[in-house]
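Per-chain numbering from 1; labels A, B, C and D assigned in written order.
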């Protein structure tokens, strides 16, 4: 029944965003869309976090998603954002499937650091690739939906709605997965791998699956961010980007699949606010905000919205 | 009776230590076998070899005529050999009920019933009832219903042991290996606990091997005793015979008595 | 031949610098299991403090030869100002939390310190090149190197050797190792674990500050100095095996030599060679080169 | 909970910003969004000098204290206000903040961006939001070579000019040039600069030998190994487009090893470091200022005014980022007032200002700026190089050579690198 409530919340959020969209100023729509993109990556981190795994390199798949979308436009002239997100999702999942065989053997800090190394290697490769604009990155074609280029007035809203719809769908699927026996192994794996094996389940396979799903989500996020921002660059794979995602995930809490999106939105707002109230010391503002959340809301912002779990 | 588990000439060395030497044991269907011996005599090693946690250097293990020596713990569990642990292995962040449900989920999944697209509440194979019902039933048999929603990490020692054993039942094991089911349980509770466990196990119908230090418990519940010493089996017979065997007396029971005195001593101290 | 020699010398110099920069990180992780991102902040703080104090020292016309002592002193002072404050003031309340959460806390502190530095020192660069040139230079083949580089090598050897002796040889070391092995039991044994944590954190941070202080004369001390060092140090100690001193040393040497070889023979790949080595090592030694074997679970 | 309440107050503060800043003034003030590095490694060499210049020039303009032709107060009599944003973040956040500037702070125009990546990313957004945007520093030629814009301008020359100018100067100053080597940061600016310089010098000195091209990681800070390789290479000339802390670290680490004595250094952005590191730069090092700025600025009233005011306020001489910022503000002022005049004295629209700025020519502290390239959106200027010479402990530049704009900038519609490869055909 917990899942039903999640769906309900999700549905309301979706309707709210789609409905309120036109009322929002464009800059706000933009922030929300970016929040959804980053929220998808945070959701990916949450999946791994539930199994006790923290990736310091999730930006790898965020970046792969973004560059898949970008290449689609640059080399094939395809600017349909849904197609871009699909490609981003697929490419990320594909690469994650391969790397997963390696990563699934790792736990704790080493899982995090190996993924960090991998994302930094991608960063290096992109910096060296002139065709993709090196560090300056490349602009990607203005988004279209089903081949139609929305009018300037509405494009933000269209992108927002499309992004929402995809994110909504993805989250539903993830939520369903979390309620399958495999999904529910997460906590078990975190608690006691030996017992999991002695119950006849393969920890490695379970983690591999999680890893691929996480990558797919991040890929979608990256593609969405790319088509929203209209520009991609290697920094999307840099370790600080991964750090930002972990920031968001912890900020949000891992209780609900909705939390990451909330976290991403609030992160975006904090960032903008920090820029406004202290352009010269926004990092400090950001740091303090993070400290306050960790100290006063140990279960993340979500705990403001959900009752404490029993037991 | 039919042999379900056949261990032949198992040998295992850890460096200088001999953990198993020419261990031979054929276990018949539906018997209850007690494994005795002082610490380091090779009981747990024997169990670890059967469940694939340790591979023997030489020798083979057959389950219903199938060689399982090379299989992983996971595969061995899947074919119906389950074990409990000296130190309970629980999902400490989950409630007792959730612990059961995770296990049942795995069973469903291995049976191809818990996949991403499977709908509804299918019956758990071997239990012919939906997971929730099975969980409740097993918890009830082990007297754990009252703890249903408690987090595993806050459970008292005895209850942890019970849950650890209850978790092995979800897969409907053909062979159940209990590694010191009553360790850490006070002398008074021991019998009650074993009664309950054995009743539950019998209800589910399984061959049982259990490691036990308390000879009274052994003679009360075991139909057959394997006495280990220094990696070898020095006696393999019915309890009354095995326990009166002079070698066993010298190397095992005596040791046990001493050990128990010590334990009492510690308890009083 | 000539060139190989150069590669080695360059490699050693860079390794020494890396080791000094990274060893504190591995110490803190080894003892406290904290992935400490403020390490970068302390590196930067050390550099800034050194720049200010040594700058003043030189400007006042005091004996320049003593400026090395001033570099050292500034590292000590700045660490004593910030490290205990952070450990006692914030971190110690967090030890109960997840490794990741603690790491995030240090990330937050890192962000804050970045701006603290900016507020204290502004954004203009500081230069204190005097100590760099002061000792003249030595020749390798036909190449000249500032003798100053040998100081870094010296510091690396001393700090590495010193720590090893401390851990292996002394009573404190023994106690510390028990703390590493099991903080709870150590507490029960009446060891003052909190004090050990405070000392470890302070000393580890001091090593970072020391690295910064002795790098200051060779660079321009500017904002953002501490960012790059973090992930670099991580690469080093991960390759070696987190929490292992010899590991950190080996990691530094490997990275140093590989990098300098890359620069001499394949300049273009220098950018990601370090992470490549890191990934490679982890792929074959999942816990780093000097990893401790995992304990048997049942 | 406290975390939340803090958040709440902060949010309120943020969204209060817009109303507050619209003060009742007559005529309504012109609001300029200024984006530059306030933190990180880009702050000290570029960001902060540029911000200082912006604050100084805007204050003087508002007070009407600038010399002709900029004597009128503010922009066409309207006071200038600024919203300053830190550029030191990911591109995603930069685009977000740009949208905030335009749509929340409702700025009238945006002047800023040092990072080429940010320029490339922001340009199409500016176009989407129809907001006049002037890039004051970023060097990449790609912006107007890969696309054309209506609202986007750059009143500073591209990196092509720096590289070609450097090559020309080396050719003139080193008749017996045999070999070169490169030391550039491993990212777009560094690799592009090297490619342009290498191609150009190969054209001027056909059988020149390229000893090595070092590409250390951006902000690596430790260059012993690179310096060793370069010492070993024994090239006549070492080209480096290093900037910021990297440039300074390089100079500091090269000095005791005599690198720049053994080989002549060509530091295309050397001017930002020349005052700070006077004693470490050997005489005869070629220093660039990305145009006729700082020591290379022409002797005219505008320059002496700017130079004096800047020194008086900040006690340091203005470096090229300061010049470029001043130039960007004055360029827009010229266009703004031209458009206002054409608009019958009424406040001009962004479109009108853009139209006026297109293909315009104006005077900055660095001399004449022609918006000649990129369909009239990209500035070209003369460029200047010289050699360092320390006289009585003071840094000066000797045998300064000036190259007219047309000689160092590609003709309209031709890509810089193609122009160089094609042998500079106009």
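Keep this in mind: contacts are C-beta pairs under 8 Å (C-beta built on N, C-alpha and C of every residue); 3 or more make two chains touch, one makes a residue touch a chain.
Being a predicted model, the structure only gives us computed values, none of them experimental.
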item: Chain closest to the middle [Cα centroid of all protein chains]; value: A
item: Chain pair, A-B or C-D, that carries the greater number of C-beta contacts; value: C-D
item: Of all other chains, the one whose Cα centre sits farthest from chain A; value: B
item: Inter-chain centre distance, chain B versus chain D - centres from mean C-alpha coordinates, in Å; value: 75
item: Averaged-CA centre spacing for the pair chain C and chain B, given as whole angstrom; value: 50
item: Length of the line joining the C-alpha centres of chain A and chain B, rounded to whole Å; value: 44
item: Rounded Å distance between chain C and chain D, as computed from the means of their C-alpha atoms; value: 36
item: Residue list for chain C, restricted to those that touch at least two other chains; value: 114-115, 118, 227, 268, 271, 298
item: For chain B, residues that touch 2 or more chains besides their own; value: 89
item: Shared interface positions of chain D, touching two or more other chains; value: 38-39, 186
item: Residue ranges of chain A touching chain B (in the complex, touch as defined); value: 176-177, 180-182, 184-185, 187-188, 190-192, 194-202, 310-311
item: Chain A-facing residues of chain D, complex; value: 1-4, 6-7, 10-11, 13-14, 17, 38-39, 84-86, 90-93, 95-97, 99-100, 102-104, 116-117, 120-121, 123-125, 128, 140, 142, 147, 186-189, 191, 218
item: Interface residues, chain D side, partner chain C - complex; value: 38-41, 43-45, 47-48, 88, 186, 212-217, 219-222, 224-226, 228-229, 231-232, 244-245, 248-249, 252-253, 255-258, 276-277, 280
item: Chain D-facing residues of chain A, complex; value: 25-27, 30-31, 34, 127-128, 130, 133-139, 142, 152, 155, 225, 229-231, 233, 235-236, 240-241, 244, 266, 268-277, 279-280, 282-283, 285, 289, 292-293, 295-297, 301, 304
item: Touching residues on chain C, where the partner in the complex is chain D; value: 2-3, 6-7, 9-11, 13-14, 17, 114-115, 118, 123-125, 127, 129, 132-133, 137, 143-146, 148-149, 215, 217-220, 222-225, 227-228, 259-260, 263-264, 267-268, 270-271
